[in-house]
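So the structure is just underneath, and the comments pick up after that.
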Amino acid sequence: MSELKSRIAQRMVAATLKAAREASLKPVAVAVYDARGALKAFQAEDGTSLRRGEIAMGKAYGAIALGVPSRTVGAMAVERPHFIAAASHIVDGPLVPAPGGVLIRDKRGALLGAVGVSGDLSDKDEAAALAGITAVGLAADAGT
Amino acid sequence: MSELKSRIAQRMVAATLKAAREASLKPVAVAVYDARGALKAFQAEDGTSLRRGEIAMGKAYGAIALGVPSRTVGAMAVERPHFIAAASHIVDGPLVPAPGGVLIRDKRGALLGAVGVSGDLSDKDEAAALAGITAVGLAADAGT
Amino acid sequence: MSELKSRIAQRMVAATLKAAREASLKPVAVAVYDARGALKAFQAEDGTSLRRGEIAMGKAYGAIALGVPSRTVGAMAVERPHFIAAASHIVDGPLVPAPGGVLIRDKRGALLGAVGVSGDLSDKDEAAALAGITAVGLAADAGT
Amino acid sequence: MSELKSRIAQRMVAATLKAAREASLKPVAVAVYDARGALKAFQAEDGTSLRRGEIAMGKAYGAIALGVPSRTVGAMAVERPHFIAAASHIVDGPLVPAPGGVLIRDKRGALLGAVGVSGDLSDKDEAAALAGITAVGLAADAGT
């Protein structure tokens, strides 16, 4: 399994926050996990609500747990709410079925981890996550 | 209680994986439980997502916990989502309301355990589980 | 409530990791929480074990939850193990009773949050957390 | 991160069970996890108690979660019971502080996963896990 370096994860957090400010998003929290589902880097902007960070974490961790972007998890939750409700009990971590959790892949397509963003509309959160991943030259998989 | 032998459980895992490869399924995880709800044998193919194994376990364990195939648990979840949501809290193990968790019965219809598969579309997962059970000469109950 | 700024939290993470490298600690994870018990900034160095980050979080969060440094939580756990065992169930977050979770206070003594470090011996983890807090000109309360 | 292949995990289970039979151990359960803390292969022999498998899982998963063999986790639990009691709440999976959970490393020392065995005395369980790892030409780290 390819490994996501701490230094790269930190750069993705900074690039994601830079994109969020440039797009004038509401205050966001951003979480970067590696392929093990271990948190590598995180930052919450000033003004984020008490558990906003957990929502960002749940977008990224849930994506890694199920192997699909959180946008796809959200679509699954619309089609089969009972399945995602059940999955949220058994993935041993937070799972948020909404856009903003984007998978990070290397050039060969191997999973490196995921970036999760929460604070504004889910589509805007996702755009910031995408910007953070591409800023470090890695491939972003946000689903369709 | 009829007993599912470890050797038979292992043969069901191998036969299920063989069927999954012959049908070109995406990478799957397969779990075989006995009638007590104890895991007897498990294998996850390379390329399965971080928590794919827990989903396979939840199809099999949930089927044993409620005494019906996971396809039926899924139908119950559509008709009575609140009931399955509550049940998922109280069964002391994972419960996944989707096809792919098939009950194993002996010739007299006595429950021996269940096979759970996850990785591709639920119907394809279920077909692999069925193949794994019939390969060892036992009766499969997938619900209707 | 005094507010711990995101920018300051990020600087504390960087200063803590700088101190950890200068002291040649094993790979560490560092978590910075604000006074609400909300994660503000986090980074895990390469080579940290799968759940090392949760231990760092539990030193910082547990300190805020009980209002004392994690060194004191550890002393309480030795004197009254049953109390800390119970507390760990009810604080709605991770609690780790070992040195390395240091409270952050402003000049007037008001609580701003906590820094948690895990990776090496608890005393070394604590020294890195202390260095991270003092590097930004805030007061560190590690207990005695 | 190096990856533990499913085929190798299955061979480790078979070799572990072979060693357990040759040493006439009581019925055992064996679990093999990869470095992500995802179960790759598992088998429980006939005659194992209802939750014996979970104990084997907790020896292997706990070792990966904390980055040390379960023998070391056990030593930590004797020295600092409150710390391991707290850790068992926060590692997002089972943790068993007793010998029998052995880390798997590649030639360069990179962590590949862990094998957990439970059923007889912990030292005997550990010997079976060691035999299972060395049988496939990988390095076993059982602690000292």
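Should a chain be cited, it is by its letter among A, B, C and D, assigned in written order, with residues numbered from 1 in that chain.
Here is the rule we use: a residue touches a chain if its C-beta (ideal position, glycine included) is under 8 Å from a C-beta of that chain, and two chains touch if they have at least 3 such contacts.
Computed from a prediction, not measured in an experiment: that's the story for all the values here.
Asker: When the centre of a chain is set as the mean of its C-alpha atoms, what distance in Å lies between chain A and chain C?
Answerer: Distance between chain centres, rounded to whole Å: 25 Å.
Asker: Could you tell me the distance, in whole angstrom, between the mean C-alpha positions of chain A and chain B?
Answerer: 30
Asker: Could you put a whole-Å number on the gap between the CA centroids of chain B and chain C?
Answerer: Result: the chain centres lie 43 Å from each other.
Asker: If a residue has to touch 2 or more other chains to count, which residues of chain B qualify?
Answerer: 48, 50-52
Asker: So with touch defined the way it is at the top, what topology do the chains form here? Options are line, ring, star, complete, other.
Answerer: Per interface graph, the chains form some other shape.
Asker: By the touch definition up top, name every chain pair that qualifies.
Answerer: A-B, A-C, A-D, B-D, C-D
Asker: Would you tell me which residues of chain C are touching chain A in their complex?
Answerer: Per the stated touch rule, the residues are 3, 5-6, 9-10, 36-46, 48, 50-53.
Asker: Mind listing the chain D positions that touch chain A in their complex?
Answerer: Its residues touching chain A are 1-3, 35-37, 92-93.
Asker: What part of chain B is in contact with chain A in the complex they form?
Answerer: 48-52, 54-55, 57-58, 62, 74, 77-78, 81, 84-85, 88-89, 94-98
Asker: Quick check on the complex: what are the chain D residues that touch chain C?
Answerer: 35-37, 64-68, 80-83, 85-87, 89-92
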